[in-house]
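In the two complexes below, chain A is the common chain; its partner is chain B in one and chain C in the other.
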Partner chain A sequence: MVESTVKNQRNLFQRFNLEVRDHMLAWQQAVLIFGGLLLGLFLSALMLVVAGVGVSDLLNEFIISIFTSSRNINAVLLLSAPLVIVGLSAAIGFKARFWNIGIEGQVIFGAIGATLIANYDIGPDGFRVLLMGLVAALFGMAWIALPMVLRLKLQVNEIISTLLLNYIAFNFLLHLLFGSWKDPITSFPNSKIYDQFERLPKLAGLDFNVSILLALALVIIFVWVLAVSRFGFVLKFVYSNSKMAKSIGINVGVLVACAALASGALSGIAGFTISASIDSRLTQSFFVGYGFLGILIGFLARNNPLLVVLFSVMMAILMVAGQTLQVFYQIPFSMIQLIQATIVICVAASEFFIHHRIRLVK
Partner chain B sequence: MDFFVNWVSVVPQFAVPFALATLGLIICERSGVLNLGAEGFMLVGAMIGAGATLVTGSPHLSLVLAALSAGTLSLLFGFLVITLRVNQVISGLTMVFFAQGFTTLVSTKMNWTNKAFEGIGKIDFGPLADIPLVGRLLFDQDIVVYITILIFIVVAFAFERTEQGLRIRAVGENPEAADAAGVSVVMNRYFAVFIGCMLVGLAGAYMSVVVSKIWVDGMSGGRGWIAIALVIFARWRFWPALAGAALFGCVEALIPRIAAVGLQVPQYFVLMLPYVATLTVMVWASLGKNSSGAPGALGKPFVREERN
Partner chain C sequence: MPPTSVVGQLDPAVKNTAGFVLELRNIVKTFGTFTALDDVNFNLKRGEVHALLGENGAGKSTLMNIVCGLYAADSGERLHEGEPVWISNPREAHALGIGMVHQHYKLVKPFSALENIQLENGSGPYRTSLNRIRQKATEISKIIGFEVDLDLPVEQLSISEQQRVEILKILTADARIIILDEPTAVLTDMEAENMFTAMRSLAATGCSVVFVTHKLREAFSFADRITVMRGGKTINTVLPNQLDVTELTTLIVGETVVESVNRSKNIGDPKITLNEISMKRNNGVNAITDLSFQVRSGEIYGIAGIGGNGQNELVAILSGLRKIDTGSIELNDVGRVENATPIELRDLGIVCIHSDRETYGLAYGLNIAENFSISGVLAGEFGSYIKVKHKLIHEATELAIEAYDVRGVRTLNQKAGLLSGGNAQKLVIAREFSREPSIVVAHSPCRGLDVRASSAVHEYLLKARDRGGAVVLISEDLDEILLMSDRIGVMSGGAIVAEFDAPANRNEIGKSMTGHG
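And now, the complex of A and B:
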């Protein structure tokens, strides 16, 4: 059975004892989290039924029609790619105890960087996409640099500084889209459409976009950096005890800075992925939701890159099914956001049972 | 001079949401609960305030209902962070995400979005408003402005001078000691979260019911986050928080003025002002004294007898 030290805790109700567990086997944790997930899905289904979707339609829209239609599978993969990347971005921040809540701002700046290259036709056509991706990563890094420096030099809380920069980035985006980057043909507030070679292509002979492979490649790099490289090893040390790490001569500041910059770069790449594979241009609202979802996916996956992929696909399925519900059942898309939040709340609640045990006192 | 009077006289209505939200957050955080969900509670307050006004026709009653609904949602937040001891940062962010979905969904379904209504007007003090310079600032405001001042006095008194205030401060500073003295950490934290979030909800309702007299999706526009920064800026004290709110009221009130006097500044850069100002005051606050003034147990869940 589970090792646990009994630390008696008198709860609100005197009949129950609340004990803190030290350790729980991995499979037991997985069962509990899966239980939380099921509860979240059950509550979500309940909300949809109350909103007027039939029980049999639920199964049909969320499972059968997703996996039997290649169009829907492609849509899920297309949405999953940027979600995986923002999930990794949040996870690398968490690993250094740096709360990057500014993913949305970095997504915006990444896409602005990519669009800059596309708009002014910088670099040879053949390498355009590659250059756009690199510049996006740099712009994402640049946008996290200020909160990172403020946190390391002045102990300014990065949760708030990164978040405030989201609003500044958004207003800058509108400044561009309603100003000099307005579509020259239609005068709509979005950038002019990317040329064919400025988009992430579909895979030759196959129907799906290369973006999911980009995301998976980043997952592999992430796994390598954290599990194999020296950086990952030291990061683990800093995560579990940064004072101890400092006292044996590890430069904690540099390490946190590297992790924060990596987080910004990943978010920037996610912005490039969205604009180069989904919209093929910069729009006013392309980034909406990715910030929170990235953080929630990173949290749900407990910073595990493989679980990031799993939860990203789950969120993407919800979003694709949500679009169908919107069209055929007049369910507002905000229902999907509510469902995603409900699932996170349930999984977070299930963690209570990983850390505690309730026992009836005889 | 006209520019100055016109500007200053509208400052209170921009300052009140910051003041109420910051006050609510301070109550919450002085009990040891970090509340990053402010933006969400504001949205709920704003949406329910507008919806209740449209349904009941009474904007005053709606302010109360809005505060109560934000308080009700805060019990879910409290359950997560106090009873289940879930990470407070994640829980707060989830509440914002939840509230964004919830308010948009409900207002769309109920058809409350973008519907203008009567709202609450200004109190007529007659000739007093004609006093030069300060007349309009002091005597051309709505009732909530005056109530806000009253709430500040009551809360500051309750916190410093009553036993309940002492209990909340104790569970936020040193929950182990409070617990040993027989003060319930759990109940006092729930109480502080409930009262605090009601004020944050009221801040949101003020924006929809009194200022804009309409509900628009996501109308709090980051003010909840600015309030969180103001708490740090005020070092968790009430009167500096009111001063900070007034400062940010000035900044926000400046935005429509800049366009009105015909200054040629790009519009979206002007709209960045509150956020840039917030960053600036956060840096300024970090340069000051060594201690931040944060409650001792802020952000830490309470677990009795953690040692073996």
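And now, the complex of A and C:
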């Protein structure tokens, strides 16, 4: 009975054996992840073709028209900047195992902070934008401070508390926009439009908004802090084994607090970037999608700042091209979300093969 | 498959009793460029208890993982009851009656013991299969003398009871070849003996038992045959009465390792004094009660005692992770330090080698250079807050792994978790000792280490002592305490209940460990 269940003739399925992998070289991991990404893009393209977009149209909308029209390039860069910043925000939190799901709330509060400065004309005109950015960072930090303290002092799970604070932030925004901050001229529920010197400018001589440079500067700071500074070195231990970190003398609580505050500050700055470069005012829905896109980008990039830039630009292209598809090909917006999800699943699934291998048994 | 009970296997008519139940020939297994098993031969007789001995990294676990289908061999033959077989996953191994208990138990903690067994062996409706398995597991427990409450959640069971659940799991699946990977690593002597007695009675019913170990004593006391592995090869298969401890050790390590007593010649002034310290656990019960002792420079103070008598808490206190409620801790040239943080204690020259290396010793997910340099980075030895100097780190790490003989390092960027136990411990010691600590607290520093690595660890402790340091050695292994200590304290119920000067009488110490002197 036992002998009959195992035969020397094996079918194809039995010849594959799943094993745990010891380790994988960095470049192999990179190849694997890009393989997953390509597969995701291929499947996405397939879905769009099935939905009625021709192959040549697809190439045209996603590649040719994006990269040949300076208007489209600008649109992509304008959208990329806040995406990069929320991506960094998610990444710095993840690096300390602080799961900041409240990026959206901090984006809202950052923009509220910036608008406060703009509305009440605080500070000299020449430094107004700078002050708006700083206050946005402070407001973002303030909005993450509560969940951070709850987590560090009372072990309250930050996933829940940061998530729920999103709704409070949103309703507070509505309270302002339908109340005292209502546009005094049109009476629409958005803040009065920023003055010219309260907006992030286009660079003199160049066509694009300064926001992308702000985002890249933050990327450089991020790289420095995590890869070069002592903070980054020590933070790796907090991530990898916090008990060991404590016993070797690292003040884990302080490090997690710093990372969480940095995450909140970045989200706040992202909120400021959106309202000062895209909308030029505080609107009801300026923040929609940024929170979860930030988490998604942080996840896809595995907290690597350079990959954050790459995936942010990709998402921005998807959004810009998606708008065209919606208008000219009647592709519903949910299709764009489906594409995002497909890419995430493919990249996430590729992670399985970093830890496992399939061997063919001879 | 018709149910076959353990009793059923007593049937003398079982076929093929003379030959090997399992035979492995010329097994080769590589991981990337690393050859873990190089032309290995192994065989197992019906009804025997077989010890697989070897150092860390000799390939014992890899070999057994091939037997139970977790790994596929690159080449080689496997014969089961004389017939060639393929085993490419644990399910197929099950079907052949091969079951393995891994070193780290694979149990679902909130489930009851019975449900865990069912999870692996259940079929059909939940209730029916639960009842069937309860009946079978109870029957088997009776035969081999296991006592486990099958209805308790696994998390409420002790380590040795959890191991019994694992063994019952494979026996309920009609296993006739039972593989135990380092079964005694987490057991006390008493528990280990009970476990082996059960395995012997199992062997008497016709099952075959393989246990992987690096403890010679176990192999001598409980095995019918011993197979020795070294460096991915099988060296020899011997009978326990054929050779003595030294000969067997030589087979295992390829050279003779004999540790001898080396008492301190230069004991100086007191370095650290613990004065009637007490500490409550979170549930309000005292973990440490009025514990006092003093260690002098140039002295190893051994703390003997059965685990769970406050040793973990004492280490946590001495490393600054826990605060005491009453009492004082004094360093003779500094003053009282009971409120110092971990980093302050380190800066005062106190280092700890924790028994749980995976949790407190190393960050397994980070690389060797990072794990080595972290304490230096915190102390500002490798650059400033703004910039960590990775080049300095690499140079220092290279020197240290050379000086402390950390082996198996292919590159400094390799994850620390890939090091074998002995080499991982050497890495911890390299880090802690590189700053010449004046007080060393070592808690079971040789747990899970083979003979050679243990003797190296002991060597470093002796060096720290001879440099004028004070060493506190906390261990459940009385042999280790007797070998190393200049003075011995016995810990029981959270206090030092007796003290002995070396050389001490083993029985006296044993008595005070169990009966409060």
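By definition in this document, the second predicted complex is superposed on the first by the 343 of 362 C-alpha atoms of A that agree within 3 Å, B and C clash if a C-alpha of one lies under 4 Å from a C-alpha of the other, contacts with A are read in each partner's own complex, and residues count from 1 in each chain.
In the analysis below, a residue touches a chain if its C-beta (ideal position, glycine included) is under 8 Å from a C-beta of that chain, and two chains touch if they have at least 3 such contacts.
Because the structure is a prediction, the values reported are computed rather than measured.
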Task: Broader residue contact with chain A after superposition on the shared chain, chain B or chain C - done: B
- [ ] Could you tell me if A:Arg359 is touching chain B, chain C, both of them or neither one (first, second, both, neither)?
- [x] second
Open item on the list: Quick check on the superposed pair: does A:Gly249 touch chain B, chain C, both, or neither? Answer first, second, both or neither.
Closed with: second
TODO: State whether A:His175 touches chain B only (first), chain C only (second), both chains, or neither.
DONE: first
Open item on the list: Which partner chains sit in contact with A:Met335 here, chain B, chain C, both or neither? Use first/second/both/neither.
Closed with: first
TODO: May I ask you to decide whether A:Arg71 touches chain B, chain C, both, or neither, giving the answer as first, second, both or neither?
DONE: neither
- [ ] With the two complexes superposed on chain A, say which partner A:Phe237 touches: chain B (first), chain C (second), both, or neither.
- [x] second
TODO: Please indicate which partner A:Ser229 is in contact with in the superposed arrangement: first for chain B, second for chain C, both, or neither.
DONE: second
Open item on the list: Need the overlap of the two footprints on chain A, from chain B and from chain C, as residue ranges.
Closed with: 5, 7-8, 10, 20
Open item on the list: Residue numbers of chain C touching chain A in their complex, please.
Closed with: 1-2, 31-32, 70-72, 81, 83-89, 92, 95-97, 319-321, 341-343, 345-346, 352, 354, 359-366, 370, 374-375, 377-378, 383-388, 414-415, 418
Task: Contact set on chain B toward chain A in their complex - done: 36, 76, 80, 84-87, 89-91, 93-94, 96-98, 100-102, 104-105, 108-109, 186, 221-222, 225-226, 228-229, 232, 266-269, 271-272, 275-276, 278-279, 282-283, 286-287, 303-306, 308
Open item on the list: Looking at the complex, which residues from chain A come into contact with chain C?
Closed with: 1-3, 5-8, 10, 14-15, 17-20, 22-23, 228-234, 236-237, 240-241, 243-251, 359, 361
Task: Residues of chain A that touch chain B when the two form their complex - done: 5, 7-10, 12, 20, 51, 99, 101, 150, 154-157, 159-161, 163-165, 167-168, 171-172, 174-175, 178-179, 292, 295-296, 299, 332, 334-342, 344-345, 348-349, 351-352, 355-356
